[in-house]
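A, B, C and D label the chains in the order they appear, each numbered from 1.
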Amino acid sequence: MVGVALGIAAIAATLAMAAGCVLPERARVVWVGILTAASATAGGVAGIAVLAGSARFTANYPDLLPLGGIRIEFDALSAIFTVAAALVAVPASIYGIGYGLHGPSSRPVQVAYPLLVWSLMMVPAAGNVTGLVVLWELMAISSLILVLAEHQHNPEARTAAQWYAVVTHLSLLAIVVALLILAHGAGGESFAAMRSGAGRLGPGVTSVVFLLALLGFGAKAGVVPVHVWLPRAHPEAPSHVSALMSGAMVKLGIYGVVRVGWDLLGGGPGWWGAVVLIVGLASAMFGILHALLASDLKRLLAYSTTENVGLIFIGIGAAGLFASTGNRPLAAVALAAALLHVINHAAFKGLLFLGAGSIHSATGTRDLDSLGGLARRMPVTAATFAVGALAIAALPPLNGFVSEWLLLQSLVHSLPSKAVAVAVAMPVAVAVVALVGGLVAATFVKAFGTAFLAMPRSVEAEQAHESPRTMQIGLVALAGMCVALALAPTVLAEPLRRATVAVAGLSSGRPIHTNGVYLQLSGIQAGLSPLLLATGLGVMMVVALAVVRRRRVHHTVRDIPAWGCGRTLQTARMEYTATSFAEPLQRVFDDVLHPEIDVDVDHRTESRHYIEAIRYRRQTRDAFEQRLYLPLLGVVRRAGDAARRVQNGSIHRYLTFSLITLIVVLIAAR
Amino acid sequence: MSLTGTAVALLQVVLTIAAAPFLVGVMRLIRARLEGRVGPPIVQPWRDLRKLLGKDRMVSDNTGWVFSIAPLVLLASATLVAGIVPFLSTKSALDQVGDLFAVVYLLLLGTVFLSLAGLDAGTAFGGMGSSRAMTITAIAEPTVLVAIFALSVSTGSSNLGSIVAATLAHPATAASPESLLAFAALAVVTIAETGRIPVDNPNTHLELTMIHEAMVLEYSGPDLALIELAAHLRLVVFLGLLSNLFVPWGIATTAQPLQLLGAAVAVAVKIVVLAAVIAIVEVFMAKVRLFRVPELLAASFVLAFLAVTASFFLA
Amino acid sequence: MAVPRVVSTRFGAGGEKHRHKPEHDRERAAVLNLVRKIIRVGRVTEPHDADPAPLEGVVAATADRLHGSVQVRQVDAGSCNGCEAEFSAAFGPVYDVERFGVRLVASPRHADVLVVTGPVTKNMAEPLVKTFEATPGPKLVIALGDCARNCGVFAGGYGVAGAVADIVPVDIEVPGCPPSPDAIVAALRQIAGR
Amino acid sequence: MSKTAFVQLLDLAAGLVLVISFAALWLRRLATVARMIAVQGLALAAVAAVIGIYEHESELVGVAVLVGILRAGVLPGLIRRAVRAGDELREVESIINVPASLLAASALTLVSYATTRDVVALSPAPQVRAIPLGIAVVLIGMLMIVTRRKAVLQMMAVLMIDNGIALVMFLGTSGVPLAIELGIASDVLLAVFILQVLTNRIRTKFGGTDLDQLRALRD
């Protein structure tokens, strides 16, 4: 069953690539969309089958490639990530049909897209080093091509792609080195061999492997301080690709950390968890603060991805800490929270990126400060974006709340514990998660409120119209997922148990119990029922509405101007913008963010006391980019300049180098 | 979800809604008396609500569906919380439906919708109120959750019923450093979240200093009635939480009518006492500058943080 | 009508001299003085007459629909601020119109009654109309003071657009230049019905 | 006094000492900060008294009375005079802002707990458990010295540090001999005197006690 589904996924993806190659433009977009959606559906079915209890699927293709060939090992942990990828990929592919008909429809893009979707689903299924590296590289290259999709009329895309290419390949280097050390020590390059042989490695070596893997996979996940590519690359890709990158691709970084650290290596000392936890805390804070101040909608969403990955890292790190202190049931809860958030984030971030794409294609801008009033011009986009925004703000009764609740429960119930690290880390972690939660709410009130509500701030926003039907289908499907994931705890309990059990180094037992309506945790006296919460809210709203409308004594007066303190004119220029909305919080966090603020005041020629115009500009630079990467690039450039002196174009000199090299090699290989 | 439990929860919701406007009436009366005035009768907030229900509902041409459903969501979230929080009995049916975290996030849901509604009006003051409300809510959030953390460390659960039951079983914990610290922290947050002095002035008429009022400037008639009722309810819910989490005595542990009656009286007395304290303090205090509010909330966060540390290290 | 008692509004008991005191002492003294004053002064509100004079006709029907809750938005359409002084006195401790269910609100959307003062200047005519339109019905307009009723001494001024009744429909007029707080309270009580 | 009541009272009093340190960081008026230091002295005396009563050591109760007089009366009185003497702005000036210093102080509290973990583990006695509170008070006092600009505040911080040390002594040794407490108190008294004299001289020479301005004297 699982094998058949994976096979269908591969065949459909191949057909989609072929369609992207040969078909004419319009048919190409449509068929690529349909076939990719089919491929993703098949992949998703395979994942769900494993999560629902089918046996894990293994296959071996030793002759497919030199070295070890390719092994497929598809267990419940892989399935979580494959399902997350499929969850975004199916709606994104359908969305891509409408999107591509008005935008990126060139051949390379249409070929790379199915390849990206397929490799995203298959990376977690890889069962050996060769397979993982090959699939990983397919994913990296296809996504790179897609980031460059709009480079002709968007110069930003080129710098973004440069950053992305460099970081992604350095990260691949770290991953390969880590896995090679591990494979060498364990005496085999299949995951099964590594799992059983990891014990032979010394503690120092395993820690080196873990840190290298954390660096490499962390870069893909976009955590601080190796996140710099993310807020550049994600906004520049076409929106359905951004959805895939944020919803699915960064998750594979998380997958890698869990797989290598706590499955293949079988877990390690407590400080592994602590490191992951600290990285998570830093990423969450850093990401949300930048998202808060961003006024470019897609950049905001990209930074928010860093924040969400941070939350997932907090869960994993906490699980690592708990497991090292022997509290494995609690570790299971924390891990379940992290894994659930992987799926939830795929749903709502995919939705939000698709929504941002709809806005972009309707108005031609991503700048929140020139949007507004779209709720009545694009009702479907507005309603679905609202669902996504409420979900990501972890508000009940949507899915973000369920995973945030699980995460908080696991953190809060860590005490009393004997370990000082836990005691010191957990209050800090709860405080950060809480602050982040509050700031996320503020950020997405800003995003939704300034983009969709009140009056349009530009002509483009005023003339916006709802996007084509296929794009709406994608949005509605993902919004439906956000609701469904929240209301069906029954469906989640068993798959999460299987996935957590697959990570042998962390957890055991059943993290979540459910009797269909309530969600209960093992070892923790706490319950939640999103379904009943939603019902309660609905009933109360209906009752309130009924009471208000009962007597019908009041009239509703519509289409009057808003109360503007009696002013003659009420224009969009008087509205709060995204920048002004974030201003109080920016002031609170001034010392952390150091935004650059320019205020230009033009005076009238007659007198200094009369002001013609005031311009306010705020820019927040990425501290890591400024302080870490640009100096580093400077060093590299200087080194390059120095190296250039060696290279003066003289063919004799080059031949001399060859000769010297040959002699050195001969001596060394003696 | 037992039948009696459901009945208790419903009773609680009905009683809270009935009592909430009276509480505001009491607070206004106390303030008036301290200012040398006679003050409005305590039924006045109810009269205001009744009148508002009969007034025209005005919907400006800028606004959309968010503006229309925000009052409903705000009221629904507050009512649901009123059903979850153990005012009358530890045996409320909604206890397993949501714990303290759910309560916090439900209240946040209301705030978020109100802020969106403020933005939807498209006026400068609406946006200003929303921005400020979200700022304060965001930086109050760590205090709330860390205080909950402190409470749940000593009781081993974040379920409201369990926390209350644990405090009932061990009365001495009510005066332990961690619960006093957590109480102080939550008290500050209560003041911030319910928009009382020194964070926000509920009686202000100056738009530039408003937070809550600025968001609702555009509402009229029945919509305004819903928002006002929700604001009253939130005040009761916060004060009720504060009193029953830390001083739960009097709460019913069964669902017998007589016990429930006693519990209702007990919780009413506790809430009125807290409200009176707030009203009296407000007479002596001025609103602080908006950008001093983070300092106040930072202090409350520190209290909550110390509460966790104490509960962990002193226990 | 009773003449209000004269109450010392000076801060602090027994005529405090401005001695130089250390700050913390002064601060503590301020709070203590306030407490002492609250206890010493007690209630300063005047007892009120039995019942307000009944309203008539359409105005009475509108007032009925307010059920004793009167929320007031005040519009200064060009007044000399004399009426404002008296109007705010009506909300002060001595006259305390709030005891009859009258409250000042921040937005005409929340208001039932618009209290308009002053002759309507040309610049304020449009805002006044907008305020009136922004107020949800049932609503009433009070023209407060002689200027609001008939432009008073400003009649015929170059900046004056007219009396309030020329701009928006007026339901109740309160004469006086300025009207006494008693008169203002009486008018508001008519609407509140208490 | 029963054991649970003792633990409760001890924790409350010792916790109060710590919370007051935070209040001293939070408040903005010099005079209020000075009052806080006095209250801290009272709380410290309460700690000694509680231990003394529980362990039936009359000497310790005597120490408590003495500590109360000295730390809540005499020393803060001296400081209040210093505050009053200065005609400069009576607000706290700090190098880092208030929320930041509060967060830093919370971190210091965690540090003190984490580092004294092993010491605390040696004995189950409630006094020993509360020792990290005293260390935290000392650390917060040092933070105050580092981050505050006025010499008067440095004096208060010295007192706070001394309160912290005294708290650790009371808790750690279950009572300090009267003589030692007297000796230390006189040391502090001396220090405060010296600081006050210095402050006065700084003020008369330079017209203010902002320490940052003293940097110019280095050359």
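Heads up, the rule we're going with is that a contact is a pair of C-beta atoms (placed from the backbone, for glycine too) under 8 Å apart; a residue touches a chain by one contact, two chains touch by 3 or more.
Computed from a predicted structure; not experimentally measured.
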item	value
Distance-to-centre winner among chains (Cα means, whole assembly as reference)	B
Distance-maximising chain from subunit C - centres being C-alpha averages	A
CA centroid of subunit A to CA centroid of subunit B, Å	35
Gap in Å, rounded to a whole number, between the CA centres of subunit C and subunit B	32
Between subunit C and subunit D, centroid-to-centroid distance (C-alpha), Å	53
Where subunit A and subunit C are represented by their mean Cα positions, the distance between them in whole Å	58
Junction residues of subunit D, two or more chains touched	110, 113
Shared-contact residues (touching 2 or more other chains) in subunit B	54-58, 207, 217-218, 221, 294, 301, 305, 309, 313
Residues of subunit C engaged with two or more neighbouring chains	107, 109, 134, 136-137
Residues of subunit D that touch subunit B when the two form their complex	4, 8, 11-12, 15, 18-19, 22, 26, 98-99, 102-103, 105-106, 109-110, 113, 120, 129-130, 132
Footprint of subunit A on subunit C - complex, ascending	107-109, 126-128, 130-131, 133-134, 136-137
Touching residues on subunit A, where the partner in the complex is subunit B	373, 375-376, 382, 386, 390, 393-396, 401, 404-405, 408-409, 411-413, 415-416, 423, 426-427, 430-435, 437-439, 441-442, 445-446, 448-450, 452-455, 518, 520, 524-529, 532-533, 536-538, 540-541, 544-545, 548-549, 551, 553-565, 570, 572, 574-576, 580-585, 587-588
Residues of subunit C defined as touching subunit B within the complex	31, 34, 38, 41-45, 65-69, 71, 93, 96, 98-101, 103-107, 109-110, 112, 134, 136-138
Residue ranges of subunit D in contact with subunit A within the complex	97, 100, 110, 113-114, 117
